[in-house]
Amino acid sequence: MTPINPDQLIVQLTQWALSFLDSYPLVAVLVAILLSTVPLIAVFPGCFAITTWLERKGLARIQNRIGPNRTGPLGILQPAADGIKMLLKEDIVPKTSDRLAHFLAPVVLMVPAFTILSVLPFNRNMIPAAVDTGVILFFALGSVSTLAVFMAGWSSRNKYSLLGGMRAIAQMVSYELPLVLSGVTVIMMTGSLDTTKIVAQQQLSEWIQSSNAGLQCLGQIIGWNVFTPWGFAGFLIFFVASLAEINRCPFDLPEADSEIVAGHLTEYSGFKYALFFMSEYVSAFAINGLSTTLFLGGWSGPNIRPPWSDDPNALLIPGFVWFFAKMFALMLVMIWIRGTLPRLRVDHLMGFAWKFLLPLAIMNIFVGGFYYYAPRWHGIPVVGWPIGFLVMYLSYECIGRLNRGPKTAQRVYHYAS
Amino acid sequence: MVPLHYYLVVSAILFFVGLLGVLTRRHAIIVLIGVEIMLNAANLNFIAFWRFGPNPDLLLGQLFTLFSIAIAGAEAAVGLALVIAVYRFYKTPDLEKMTSLHE
Amino acid sequence: MLGIGILKGMVVTAKNFFGSFVNKRLLPTIQYPEAGNSVTLFSRNIPFLVYDNDEDPLGTMRCVACKICEKECPPQCIYIVMEKDANGKPAKRPKVFDIDISVCMGCQICVEVCPFESIKMDSTFELSTPDRFEGLLLKREHLLKSNTYFHKIHPDEAQEVDDRLAAKQKKPAPTPSTPAA
Amino acid sequence: MIITFSILSAIAVISALLAVRLRNLVHATLTLMAFFVALAGLFILLMAEFLAAVQILVYVGAVGILILFAIMLTQQVTGNVKEHIEAHGALWGLAGATAVLLTLLLPAILKTALPLQPVVETIDPSVRALGLNLMAPYTIALQVIALLLTAALLGAVVIAISPEKSEEEKKS
């Protein structure tokens, strides 16, 4: 009997459950598949429900309102009420619409949204699909959502829908480049597309593992990619690009309600609309999970050992707690940004991707390469860090200043004189 | 394991379908789609031969397919740009009405 | 530095977010049906008829059915029929006093023109009814409200009115005595 | 294995056939996407995971979207083609394509002695080896491809810029 390790409890339970099926390999495979997919399908819609509530409450507080408080204590049952309302609504399909495409669009959006979750490592030994090409698979399946948005916009036979769909395509294709390129820096530094290896890489910081116990507690934090200059810049680029990729504020032009009704969602109602809504949130979770994995150390948190165990890998707080905490923290930042920033104009949006984020992401790759080869002192990047940071900061300032349009005169207000 | 024949037959049929598209349709974009299908059929062949070949560790088939995909991307970009440019000139995407050289 | 404006904006919203938990000014919402809004002193909504004695509303109502307000009302939402006593003589009391509040625009002209201080502005706002014809036509019985109520909603104005009325009552008393003097 | 293979190849062939035969251009493109995805499935079956991902990334995410954009820019947005779609001598085309299939491709496949089993049973699909190959022996090819892509990008932009528009810009 191995001592109980809270970190690996679920993994051990799964293995224990599967050990009964050793004599039926086919059943065991099926059960293993179910055990790795059903939690995804169960947990993430739950997270989606919590997030809609958090978002409504948070936005309300930012706008000096109270937010939902009628259903249940603090309005916590609001998602359930919304869900019931959505399900009971009539499913209206426009008469002239392209029925098949109109029906398939939410499905095409939802399937990749759930599939990409499977390459995220939620904990040590807890990854639904441990594939060698995790990150690229994520980006590949993520790019399918562009198609779904187009299908929704085109099949509705509504000019607002079509405009929204075309805007979505232009936006998502443009922002995919900085998104992938800022991820490429991490892949380059890790030397692997495998998400588990990317997380493992961030836990290696020898100079702190060898020092005293107090610092060792921080050992798994210091190594996070976000604490390197290229990682910090990459994280910011990735985060901004992911906001655009999942059509969230301030890049929600495809569903800009003040201009084009609701964009590609205009002609959707009832259950299909709910599916759209849910897949948008699930892909938001997925992309936040990926940025957690790439830059924020995945499931690693402070090394708190359980007092009864000598196993160096044993952790008191399971890794998936840290993972979900980081994911939700990023989600909250997204809500915060939604409550703060106004929507961009279309040409500003495209210019921001092509003229600002893309050069910065390319610059980031060079800085990553320099950081990798810069001389170190006892494993500490004494040269790479400050110079890399300086280069990234200067290129940020320069590219930003080059992008500035002609300076407009200070606006003067002429009151009745 | 599925034998190599099967992959090759599928790839041959796909090539046939792509050729059919190129030869029988008059819309420029459909002709491009046919070309893409033929390219993909060739890619399937490369991968199948790589998998069944004696030296999969050399990854030759995969590398060739990778280059072929890159070239197909370039081809699609230039081809569609040409379609749009020609459309602006003739106001039709119909290949049979583009007859300036012919007349 | 570039992008500092975005950070400033984020700080503002964060202040609003956290401030709404501690600062009453940053969360002005009132949960209406449970906690009613306090009405300000000068709020006015629809007219009501004042009476003096709580025991006998109909007897002590100030209105004499002079129909000035009916004539002056711009949207013509007041309808008055004077009461006649057994002899057929006018009884200086309205038999019918209707205000169609779906038409009333709250202009307060009826109050301005009333020589008897009998019609005043109310500040109640919960006027919703399930019936859009009869429910929005307020009868004499609905409109009659006591002077104490008037004191409660508009204390200053009610006091002023009371003083004026008292002065008026006093005035006629010396008038007959003048020839005697 | 054989079941997965037959399902995937059936989807691939049928959707490819629909893609070249459907009247509605947008439908044709959407079925083309299904074809690309099915082909990516076949790649996974052949243990080329990375290429499957690249296939979806490039074809579904880029080429297909590009085709949709081109349709939106050239046709009315419903994608319906009003006039007839067959080329002149379509029957000759059909005959030619069938002849190619029946006389060139199929006999060549069926007459050759091909391995029924792969020589190497399991492959560790290593992206790292692919990357090392691209960097060491095939660097020149990679550079040429990069140059080609850049040239194609610039060429596409130059071709697609409308001449009237640029004159207008000159005036303004």
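Per-chain residue numbering starts at 1, and chain names A, B, C and D are given in the order in which the chains are listed.
The rule we apply is simple: a contact is a pair of C-beta atoms (placed from the backbone, for glycine too) under 8 Å apart; a residue touches a chain by one contact, two chains touch by 3 or more.
Note that the structure is predicted; figures quoted are calculated from it, not measured.
Under the touch definition stated at the top, chain A and chain D share no contacting partner at all.
Separation between the centroids of chain C and chain D, computed from CA atoms only, is 78 Å.
Taking each chain's centre as the average of its CA atoms, chain B and chain C sit 82 Å apart.
Annotation: 35 Å between the Cα-based centres of chain A and chain B.
A straight line joining the Cα centres of chain A and chain C is 58 Å long.
In chain D, the residues that touch at least two other chains are 50, 54-55, 62, 69. A linear topology is adopted by the chain contact network, the touching chains following one after another without closure. Chain pairs that touch one another are A-C, A-D, B-D. By the touch criterion stated above, chain D contacts chain B in their complex at residues 1-2, 5, 9, 12-13, 16-17, 19-21, 25, 28-29, 32, 35-36, 39, 42-43, 45-48, 50-51, 54-55, 58-59, 62-63, 66-67, 69-71, 73-75, 81, 83, 85-88, 90, 92-94, 96-98, 100-101, 105-106, 109-110, 114-120, 123, 129-130, 133-134, 138, 141, 145, 148-149, 151-153, 155-157, 159-160, 162. Note for the complex: chain A touches chain C at residues 58, 61-66, 69, 336-337, 339-341, 396-397, 400-401.
The part of chain B that touches chain D in the complex is made up of residues 1-10, 12-27, 29-30, 32-34, 36-37, 40, 43-44, 47-48, 50-54, 56-59, 62-63, 65-67, 69-78, 80-85, 87-88, 93-96. By the touch criterion given at the top, residues 98, 101, 131-133, 136-137, 139-141, 143-144, 146-147, 150-151, 154, 157, 162, 166, 169, 173, 176, 191-193 of chain A touch chain D in their complex. Residues of chain C touching chain A in their complex: 1-3, 6, 9-10, 12-14, 16-17, 20-21, 26-29, 31.
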